[in-house]
Amino acid sequence: MAEFIKFDRITKFYGPLCVVENLDLSIAKGEFVSLLGPSGSGKTTLLMMLAGFEQATSGKILLDGAAINDVPTHKRDMGVVFQSYALFPHMTVGENIAFPLQMRGIDKAETAARVKQALDMVQLSTLADRRPSQLSGGQQQRVALARALVFEPRVVLMDEPLGALDKQLREQMQLDIRELHRRLGLTIVFVTHDQSEALTMSDRVAVFNKGKIEQIGTPRQVYDEPATRFVAEFIGETNLVEGVVEAIEGREATVRLPNGAQIVSAVSDGVAAGQGVYLSIRPERIDLAEARGAARNVLETEVTDSVYQGDHLRVQLQNEAYPLIAKLGRRSREFAPGTKVFAAFSAGDCRVIAP
Amino acid sequence: MPMKIAKLTFALLTILFLVAPLIAILPLAFTSSVILTYPIPSWSLRWFEELFFADAWRRAIINSLIIGTGTTLLATVLGTAASLGLRNRLFFFRGSMRTLFLLPMVVPAVVLGVGMQVLLARFGLINSYAGVIIAHTVVAIPFVVVSVTGALAGIDERVELAAQSLGAAPVTVFRRVTLPLAMPGVLSGAVLAFATSLDEVVLTLFVAGPNQRTLARQMFSSIRENISPAIAAAAFLFIAATILIGLVVVLSRSMLERRTRPAAS
Amino acid sequence: MSGSSSRMGRSLLLLAPLFLFLMGFFVWPLFSMMSQAVSDPAVLRLLPRTAEIMGDWDRESPPSMPMQTALMEDLKAVDDDQALGDMVRRLNSARSGFRTLMSKTTSALGDAASPPPDLVSIDKRWEKPEFWIAIADALSPLTDRNLLAAVDLGRNSAGAIEHLPADQSVNRVILVRTFWIAALVTFFCACIGFPYAIIAASLTGWKRDLMLAAVLLPLWTSLLVRTAAWFILLQEQGLINDFLRAIGLIDAPLALIFNRTGVIIAMTHVLLPFMVLPIYSVLITIPKNLMPAAASLGAPPIRAFLRVLLPLSLRGVASGGLLVFISAIGYYITPALIGGPGDQMISSIIAFYATGSANWGMAGALGMVLLVATLLLYSVYARLSSDEPGRR
């Protein structure tokens, strides 16, 4: 994979506070990478350093092989979409979009043509003479997008650009941005704290926690093969059960739970027999039945509550040692509280995580 | 980096320009010399003695206190009542009323002074305490109105509605809810009214006689005629009072914020 | 709706005291000052009997006998030559020929040996209504003379408005000086206050608090204290001269006080907070990410400032500038204490006319000029500060 953007051992301190710690990250040309994490995890700071708004305390940032640490923002050629859009309130929509072209000394005719093209791209051609304050949130968002793309920047940076939109609009915009990414071959670095947004849009997701990247991979990898407890809990919902590894055979481990039950689970490198670990079992991968079936992993439990949630049935389970949550498809039958059930799942649907 | 240094230098120089004169005058209050210049030959409290025991200064201080108190009472009562009246949104002339109440702040003092002198002379109020108090009240009113309307605007009207729904009659709502919430605004309005009166010179020049010479008026003629370190001593008192008043205002503001902020946040 | 009408009554009751107070002690004084400017009872005072009789005159018929007798008695009773001269000049400017008529009449009246029976017997011109109309007009207590004189204009003998001769043209010089000093002070305040506000708004925490406190402290300090402080700093043996001599920059003390330099420095200091605060309050409403956005779109710092920050903060600069200018044109204390005779502004002249020479007419006329200028500028300011940002 070609390294288009490379963070090389980046550290950032605010006073005594370390917000990014010795971080390495490479991004390929044309790739859509999300930086996902809770607030204060350092993801926005990393983006700010890439845009040139912040200086790294140590380490190098390379763009296309050249260090850009000392290049001022206005010469970096990166389109930034801000959290609250940062549209210039005293300029019209058209003037806002023309701004980066004017800064580059592009002549009037071409500017006008490219502004029009950009407005068409985000379907706002009729609003060129409005002021930002006269637009809805979604329209402002698209103006910000057009403004960041119109000068064909080398990289597009987005800092929680959809955070202020309501759910439906946000999902529509997610698909629109994905479509633009694919059509224009953009390199996009996208900061978000919304895990479903990251999974929907990205080629790769970098999960941030406390100034470090916990895991980086495709959406499938970070969801199905969480490397750490933090990733397992932050992305999606999961059941975490403590246990001890009894034996490892290839990609599978046998884990003994506190109540004596044995579970066979997928495992990555770096876990040894005898080690105390967590088992992560995604709720939607659990099947419930009143009879012990043929599945490899079966746990005896009792239903404590069952809630109908439209697209799924959410069942809370409890046995003598640990609670579990199962999400069942809507065709599943109902379980009354107090029912003794068997929770079954395959070895590939659970994962051993080193603590 | 050079930009940063330029900014820092500029900010520091401007702060120096703003604050240094006020600091420069303070040590001279304690000089033993009769002239108001540096260096100070030796330290002495003689100018504070002068201030408190020389007849002209002592009378001026007493006059300032009398007139300041009168102004504060009159301006606070009138201004607070009017601010409460201005709360009524249905009131037709609300905007023009408010403008009228703020206008004394805008009209040049000398212009007002000339008119005031003509008018008060007609009423026989010239060269009287009442006349000076009236004149000072006119210019103190805007500060009270701004301060109290500000405090009233910060009151969440739902709190008053809640009090009504809990069974409080309008008078009780006013006494138990509105007034306590607005109190910091009234207080800082009163303080500002007093400060305005204390510092007023121009109107005093026009309407006060020799018997109503205030401290500010005395300082004015002292600077003009025979400047002495007594000025610095008076300035010292003023600055000390300013800091005190500033503290009261800041405290009452934060009190106001605490009171009008919704409980949740 | 008895509820809302009783509420209305209560509001009125609360507003009434202050309204009446300000009507009586704020609006009325201003009006009486302005009426001083346009009233001129000098002729009325000289000719009380004539005034009484001429009230019934129809301004067309020839002068009646009682009118002539009354005027003769009034003229005989005049003992103030100065006032008489003023009156004649005024009558002559309304009706040419009055000067010779009057001198002929007064000398005839002064002839105790053969008192004339009526005025027409002294001079035929007294038959003509035009001359009596001029007297009737002069008896009216209204005049535009003071207002014209306030801007160095006067009426010539034909009644046309023209410039006063140069030796009487002092007011215009002072008006121009007032506006010039105010403009200079506004300019310096803007030069210092705008960057200062930008820096303050870009900071956070204690640094910002410090910068604001440095502005608020002088604002809260007595004006006299600040003026006295500048007195100490600027005088010949003052700190500034001492300092400049100590570092060897100058040999002889600079003249910093009782001249224009001192007035400008002290007024800039006094009014700087009025520039900084409005600009600051506009700047903090500008979203923090606009300047980074401009940079990311390729704008170098200077262009980003010119295209984004400056247009957005212009409203604050205009408000601050107006506020400073309005305050500066009405300034009295600082020029009076720090300035020399050549730095006195319009307020000082008004005060001089009012207290020094008891010329209420001129004081009122100049006051009216100042008041009108102030209120005009204030209405612009009020509109500026009530306009919502981001709208055209």
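Just a few scattered comments:
Think of it as A, B and C in the order they're written, each chain with its own count starting at 1.
Here is the rule we use: a residue touches a chain if its C-beta (ideal position, glycine included) is under 8 Å from a C-beta of that chain, and two chains touch if they have at least 3 such contacts.
Here the structure is a predicted model, which is why all the values come from computation and not from measurement.
Geometrically, the chain at the heart of the complex, using CA-atom means, is B. Ranked by distance of CA centroids from chain B, the top chain is A.
Across all inter-chain contacts, the pair with the most C-beta pairs is B-C. Rounded to whole angstrom units, the spacing between the C-alpha centres of chain A and chain C is 68. Rounded to a whole number, the gap between the C-alpha centres of chain A and chain B is 58 angstrom.
A separation of 25 Å divides the Cα centre of chain B from that of chain C. Looking at chain C, residues 301 sit in touch with two or more other chains. Those residues of chain C that touch chain A in the complex are listed here as 287, 289-290, 292-301, 303-304, 307-308, 311-312, 389-392.
By the touch criterion given at the top, residues 4, 7-8, 10-15, 17-19, 21-22, 25-34, 36, 192, 195-196, 199-200, 210-211, 214-218, 220-233, 235, 237-239, 242, 269, 272, 301, 326, 329-330, 332-333, 336-337, 347, 350-351, 354-355, 360, 363-364, 367, 370-371, 374-375, 378, 382 of chain C touch chain B in their complex. Against chain C, in their complex, chain B makes its touches with residues 3, 7, 10-11, 14-15, 17-22, 24-25, 28, 35-38, 78-79, 81-82, 84-88, 90-91, 97, 99-101, 103-104, 106-120, 122, 134-135, 137-138, 141, 195, 198-199, 201-202, 205-206, 216, 219-220, 223-224, 227, 231-232, 234-235, 238-239, 242, 245-246. Residues 51-53, 72-80, 82-84, 86, 88-90, 99-100, 103-104, 131-133, 147-148, 151, 157 of chain A are the ones that touch chain C when the two sit in their complex.
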